[in-house]
Amino acid sequence: MSTNSTGPAADDRMERGLETIRRIERAERPGVLDGFSDVAPGFGEIIVGYAFGDICSRPGLETPTRQLVTVAALTTLGNAAPQLSFHVRGARNVGCTRQDIVETVMHLCPYAGFPATVEALKVVAAVFEAEPEQAGDETTGSAAADDSYERGLQMLKALDGLTAAEPAGSQGSVTDLARCLIEFALGDISGRGGLDARTREIVSIAACTALGTPLRPRLETHLRALLEAGGTEEEAIETVLQMAVYAGIPTAVNGLNAVRDVYRTAARQPA
Amino acid sequence: MSTNSTGPAADDRMERGLETIRRIERAERPGVLDGFSDVAPGFGEIIVGYAFGDICSRPGLETPTRQLVTVAALTTLGNAAPQLSFHVRGARNVGCTRQDIVETVMHLCPYAGFPATVEALKVVAAVFEAEPEQAGDETTGSAAADDSYERGLQMLKALDGLTAAEPAGSQGSVTDLARCLIEFALGDISGRGGLDARTREIVSIAACTALGTPLRPRLETHLRALLEAGGTEEEAIETVLQMAVYAGIPTAVNGLNAVRDVYRTAARQPA
Amino acid sequence: MSTNSTGPAADDRMERGLETIRRIERAERPGVLDGFSDVAPGFGEIIVGYAFGDICSRPGLETPTRQLVTVAALTTLGNAAPQLSFHVRGARNVGCTRQDIVETVMHLCPYAGFPATVEALKVVAAVFEAEPEQAGDETTGSAAADDSYERGLQMLKALDGLTAAEPAGSQGSVTDLARCLIEFALGDISGRGGLDARTREIVSIAACTALGTPLRPRLETHLRALLEAGGTEEEAIETVLQMAVYAGIPTAVNGLNAVRDVYRTAARQPA
C-alpha cells in the first residue's frame, strides 16, 4: 500500500479511516470495504481513506459532535435513509445519547422543513427500537411548552434580517412570519432543552452549508452565533469541511467562503 | 396548556391546528400526535401547533388550494413519499378532485423535472387505487393534444427571459429549447384542461419557492402571472409562507423577498 | 395524431421518442405509455414526445454518452431510484459497459457527495446482479491506487478557484482541503481508469448543471475542460439541455447561461 510515490499520508489516511469507522460501526472489518467490491472495486477503500480517513478523522471536533454533524447532513439532504440509519447507530456507538440525536434532528426542522425532519425521525425511531434497552437514556426533550414565546423572544436577538422581508401590502404577513419564527424556530425548537447551545450552532452550520448558497445569510448568522456560544472557528471550519463528504466538495467550498468572510470581518473589528 | 406566560395565541394555535389536521386526515385524534411520542416527545404537538395551527390554518388561501400547495411542495422536494401520500388523501378529504391533484403534479414537471414528477404520480396512483370508487370523479385531463404548439404559443407571452439565453455557436439550440418550452411546458402541460389558471400559478409559485433562489426569475414571472389570472397578493404570500413548513423557513424568507420586490415594483407603476 | 394545426414536428417527436425509448428499454411498446394511463392520461405520451422525442433523440451526443448523462442526472438528484434502475438497464442496452456506468456514478462523488453516490451504486449493483453473465465485461476500474497524489497533482491545473477559499485563522484547513481535492477528487476519482476524459467532463457538466447555480463556478471549469479534452460545444449544450428533462427547465436555462458566458468568452480570445 505504500511506496515513496504515494502522497505523504497515503498509509496514514487508510489507517486513520479504518480506526474511525471501526469506532462508529463497532466492527473489526468495516462493511463498506466489501459492500461494493464486486461492482465498484476500490470504492470502499476511497470511502475509508477519504471520507473517514482524510475528513472524519480530523482533529478540531469531538467525535460525538462530528457524528451529530453527519446525522445533521443526512437529515437535511434526505437522500440516503440507510446511511442515516448507519450513522445514527454510529452516533450511539461513539457516546451520543438518544436525546442528542433526536434534538439534533428536530433542531433542523426550521431549515430543512418538516418532510425531511419527519422522515429522519422515522429512521431514528427504528434504530432506537432495535437497540437493547438501556437504563437512564430516555429521551427527555421538553414538550412544546407554555412559554415558547418568551423563551423564543430571549433568543431572537441572536438572529437577524428576517424583519427586512416585509412585502408591500402584506397586511402583516411578515410580522406573522416573525411571530412563527419566534414561537416555533426559537421557542419550540431552539429553546428546547437537551442540546447545548454550541452543538445547536454546529448542527445549524452543517445544515445551512448542506442546503447551499441560498442559505448563506443564515449560515453567516450561525457562524457568528457559534463563537458567542463558546465554540471556536476551528469547529466551524471542521463542520463545513465535513460537508465535502456528504453534500459534495463544491458545496463545502461555498461554505468555506462564508467562514472566511464572517471570521475575517470579525477579526477586523476591535474586540 | 395556558397561562398568561404563554404567547398570545398558544391555545389558539393548538386548537386551530387540531381543527385543520382533523379535516385533512378525517380523524378525531391526528396520528402525528402519537407517532413520535416515544422518540421525540413534543414533536407531534409542534407539528400540530406550528405547521397546522400557525401556518396551514391561515386565511387567505382556500383549503383545497392550500392542500394542492402542499402536494406541490412534496412533489417538488421529492423527499417524503409517505407524507405526499398523506396529503394526497388529505386533498381528497377537503374536496379536491382527482383531476386537481393529477394536474397539479403534472404541472410541476417543467420545474421539478420528470424524475420527481413520475415518482409523485406513483404515490398519487396508489392513493387513488386504495380509495372507494366514486362516480363522476374520473381523471379527465386532456391527452397530449394535436394543438400543443398553438396553445403553447398563446401562453408564451406570459413568460420571459428564456430567449436571452442563446449561447454563441449554439446552432439554434436555444431556439430548440424555446420550441420545447412552447410545445411541452406551455402546450402539453400548462395548456391542459382540468386546472384553472389561478391555481396553476399558485402551484407554480409553491414549486419555484421550494426549489430555491436559482428559480427566482421564474418565481417572479409567476408572481406577476397570478395577478393577471385573477389571483391576489395575499394568495401569493400565503403560498410562499406555507413553504416555511415544507422547504424550511430560510427558503420561505427568500421567497417573501421576491414577493416584496415584485409587488412593490408593480405598486409603483401607474395602473 | 396529425393535422396542420399541430406544431411542425408533432408527428416526428412521437416517432422519434418511440424509437429512442425502444432502444433504451428494448421493448416494442414502452411501459411508460401504459403506466400512467389510468391516473394521468396523456402523461406517458408527454414523456415519449417531449423527454425522449424532443430532447433525448437530439443529435450532437452519442447515444451511450447520452445515457450516461441520464445516469449522472439521476445519481445527482437522488430522487428516483426506480428511474435510475431503468436507465442503468438502458445504458447497458445501448452499449455502455458496466465499467462506463460504475465510473460515471463514482465520478460524481465529489460533486454530489457520498450519500447520493452510495445509494446510486446500490441501484447499479442490483441491475448488474439481475442481468445474465456476460463474458468480458467485468468492472475493472483501478482500485484506490498508491499514486493517487501524483495522478491528482497532474490534473490539478485543470481546476481553479479553490485555493482562494482560505479563511482567516484556518490553520491550513483550506490547504488540507486542497490536499483532499488532489488526493480524492482528482487522484482517487478522476484519475481512475475506465472512462475517457471527454466523457468524464460531460458527466461532470451534467451533474454541475443539475446541482444548480451554486455549482456555477465548477460548471464553468468543466465546460472549459471539455474542449481541452477534445469535446465540442455542441456536446456541452446537449448535455445541459438534457437536464431540462431531469432537473427541470429553469435549471437547464441557468446552465445554458453558463455555456453562453464560457464559450462566448473563449471565442473572444485569440486562439
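Labels for the chains are A, B and C, by order of writing; each one numbers its residues from 1.
Heads up, the rule we're going with is that a residue touches a chain if its C-beta (ideal position, glycine included) is under 8 Å from a C-beta of that chain, and two chains touch if they have at least 3 such contacts.
Protein names from UniProt, one per chain: A, B, C = 4-carboxymuconolactone decarboxylase.
All values derive from a computational prediction rather than experimental measurement.
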Across the interface between the identical copies chain A and chain B, with over half of residue numbers shared counting as same and under half as different, the residues used are different
Matching the CA atoms of chain A with those of chain C requires turning by an angle in degrees, to the nearest 5, of 120
CA centroid of chain A to CA centroid of chain B, Å
28
So which bits of chain A are touching at least two other chains?
79, 212-214
Any idea which chain C residues touch chain A in the complex?
78-79, 98, 102, 105-106, 109-116, 118-119, 121, 124-125, 128, 139-150, 152, 161-162, 165-171, 173-174, 176-177, 179-185, 187-189, 192, 208, 211-215, 217-218
The answer for chain C against chain B in the complex is residues 1-3, 5-8, 10, 13, 36, 38-43, 45-47, 49-51, 54-55, 58, 73-74, 77, 79-80, 82-83, 212-214, 233-234, 237-238, 241, 244-254, 256-257, 259-260, 263-264, 267
